[in-house]
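You will see chain A twice below: alongside chain B first, and alongside chain C after that.
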Partner chain A sequence: MDQEKSLNNSLSRLLERAFLKGRRQLYFSTILRESNLPSELVEGTLFSFFQSGAVEGSLELRCPECGKDLGEYKKLSEMPQEVECYICDAKIPRSFDYVELVVHLKGDTFFREHRNPPSDDFGANNR
Partner chain B sequence: MPPKLLHVLIEKYQVAVPDSVNEFGLPEFLIQELSANQLEEILCDYGYAGKAVCHYLILNETIPSIVELELASKKFPPQPEKVDHPEQDSPLFEYGETDVRNSLFRVRFSYFHDTQTVYDPDTSLIKQWFSVYNGTMVLRPGKRLIEVRASHRPIVRQIAYRAMATMKLPSMSRLNLYTEKFVQSFLQWINSLNNARLTFSAEDELSAISLSAKRAVDLRTTDKFKEYFHDGYLRGAHVTIGKPEEHQINFRIFFRDTRVTFTSFANENEISLVADGLERISGGGEFRGPRKILEQFFE
Partner chain C sequence: MISELITDSDEISKLIRACFETKDSEEKGKLLERTFESIVHIDPRLQIVRKHLRTATGELDYVVRHSIGDAFWKQSPYFVAECKNWKNPIEPEQLHHFLTLVRDSGPMCILGIYVTTSHLTPASWTAIRDARLRDGIITVVIDKKTIPKLPNGLGGLIPRLYEAQAFRADDLSK
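Up next is the complex of A and B:
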């Protein structure tokens, strides 16, 4: 439980810092790189952020052969069944295998609150 | 080539070295004494290896045969004789070659990186140019792991993408070695852990710690390592493969960057051994993105 809280805080801080620097969207791979944490832990924590609505996201289609970005989509279902890369002519089927998750940061308030949620006692004493 | 390795070669090819030849004269002496075939063997084994810096990526299918790779490499455009406006970190294809001895195919690239500024006293001008570096992509037929040997990380993906696109190879994924499962299996696979770099989460007072074992001590057996390993994440390690009485391979691994730097003078066979080990342990563990998030929120 402590580790979970610590991860939450660590990731919140990272996203808050990014937001304060004017970055409004981050690739999942960038978050992984900057957080310096194993991918499954970052995914787990980020999952809770998506659930609570603190962050939103979109999918960026990437050509697996030449790396070219081929457009951004809100959902996988919006993507055509097959996209042809205009750089290398590769045919890319609709699949999560070829997308990069883009995390959109909505505001820094959430991260601050998420990091240090006010305890009931503290709140009561201050009311 | 280190003197120790020269002696290994002397023993292997049974060359009689007269007393008049000292350590410094050994390389020259060997070049004269060994046959062209033997020299070619040494070049195949060590020419592109040694203390190599290897970055790993994974293909979604296995690498095709050498014949197919040879044909595919002919699609590369010839390298321009002169580059007027060098583009930083943009790889230029040099040549592709088959190494029959080690059953692999190499694609050699050159690229410009870092600017050098020098004052030219003749013209009284300050001149600036890019330094030229080389990168090698190694393809082993039947395997999925591809290896890019280059000193600069930003160039690695570009080399790989350029080669993949031109040679029409199967699509590529990022290899994920920074998982608890891989790290645990890796620690079981190696023969000795010499140094470990662990990082901690933001709440911890420590950011990172580097632990080194004394000579002939395996860090895995120490209490300190067990304690820190329990609380932190193993980000990098210096390890040894092979038992003390055998030939040993030493390398440093960076799990997050999927990078291996050999610290002992390794030959192609030894580098392949490490690459095969990584592929086997990772179970072809390509990074498939944050699947849970994607499937839940972006279906």
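Up next is the complex of A and C:
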């Protein structure tokens, strides 16, 4: 339970900092890199953020051949069965293998309000 | 909390029998959770990433990540699961909470697995169908009749149940 609180605080702080710097969306891979936490721990915590409505998620499709951004979808089922890249003509099937999770930050209030007291908070400065 | 997980399917069958035989509700709940966790544990393609996750709308028993490669499973790299040891049939009002949790789980999760020692009312099956059509979420129910099949593992069981249950809900709604 303490670990859950610490994780929650740590990720809240990271997302709040990003928001205050004017970033409105973060790739899941960026969150992993910046938090320096194991993937499964970040995933579990993001689930609670999705549930609370603090963040929203979408899926960004990238061409595996040329790396072109081919649009965003709320759910995989919204994607066509196959997308053709307009740059390199690669045919990309509908699959989680070719999308990246994008986390959209909706505001910093949630993160501040839901943070636990500093004693649980990796010793970081409290705002 | 949950005692040691079991890795042998015969032992899991015994656990299931004990779960149905006990009259103690708390014990039944613990045995049901232990059964589910053991089933996840024996499949290396499944990993529980969060247990008893507190959310704005309540608690979610399990968030599970998988790496199962068939078409059904690839629709949702994660699934959420709830274990309910209630005696009475599950009404739509009771199921609604779970359906909301699945719906709000983000774009990487559209699959919910509802494990119950009871069964669903026809109206609940309709609620599952409506959620599938309206929100695009897939809910698979493992009830008192299908819990004994759990030792075979979730990989094959869940797609088969989904196929059967989706048609059943469609029939009920006619």
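One rule holds for everything that comes next: the second predicted complex is superposed on the first by the 116 of 127 C-alpha atoms of A that agree within 3 Å, B and C clash if a C-alpha of one lies under 4 Å from a C-alpha of the other, contacts with A are read in each partner's own complex, and residues count from 1 in each chain.
By definition in this document, a residue touches a chain if its C-beta (ideal position, glycine included) is under 8 Å from a C-beta of that chain, and two chains touch if they have at least 3 such contacts.
All values reported here derive from a predicted model rather than from experimental measurement.
K.L.:
Identify the partner contact of A:A90: answer first if only chain B is touched, second if only chain C is, both if each is, neither if none is.
P.N.:
The first partner, chain B, only.
K.L.:
After superposition on the shared chain, which partner residues are touched by A:L101: those of chain B (first), chain C (second), both, or neither?
P.N.:
After superposition on chain A, A:L101 lies in contact with both partners, chain B and chain C.
K.L.:
Which partner does A:E40 reach: the first (chain B), the second (chain C), both, or neither?
P.N.:
A:E40 sits against chain B and chain C alike.
K.L.:
Which touches a greater number of chain A residues, chain B or chain C?
P.N.:
Touched residues of chain A are more numerous for B.
K.L.:
Would you check which partner chain A:S10 touches, where first means chain B only, second means chain C only, and both and neither mean what they say?
P.N.:
Touch status of A:S10: first partner only.
K.L.:
Report for A:E82: first if it touches chain B alone, second if chain C alone, otherwise both or neither.
P.N.:
In the superposition, A:E82 contacts neither chain B nor chain C.
K.L.:
Between chain B (first) and chain C (second), which, if any, makes contact with A:S52: first, second, both or neither?
P.N.:
In the superposed model, A:S52 contacts chain C only, not chain B.
K.L.:
Look at A:P64 in the shared chain and tell me whether it touches chain B only, chain C only, both, or neither; answer first, second, both or neither.
P.N.:
A:P64: touches chain B, not chain C.
K.L.:
Which chain A residues lie in the overlap of the chain B contact set and the chain C contact set?
P.N.:
Overlap of chain B and chain C footprints on chain A: residues 40, 43-44, 46-47, 50, 57, 59, 74-77, 96, 101.
K.L.:
Would you tell me which residues of chain A are touching chain C in their complex?
P.N.:
40-41, 43-48, 50-53, 56-59, 73-77, 95-96, 101
K.L.:
Which residues, counting only chain C, touch chain A once they are in their complex?
P.N.:
Touch list, chain C to chain A: 47, 49-50, 53-57, 60, 63, 65, 74-75, 77-78, 80, 101, 104-110, 136.
K.L.:
For the complex, which residues does chain B have touching chain A?
P.N.:
Touch residues, chain B against chain A: 60, 157, 161, 164-165, 168-169, 171-174, 176, 178-180, 199, 201-204, 233, 235, 256, 287-299.
K.L.:
Which residues, counting only chain A, touch chain B once they are in their complex?
P.N.:
Within the complex, chain A touches chain B at residues 3, 5-7, 9-10, 13, 28-29, 33, 36-40, 42-44, 46-47, 50, 57, 59, 64-67, 74-77, 87-88, 90, 96-101.
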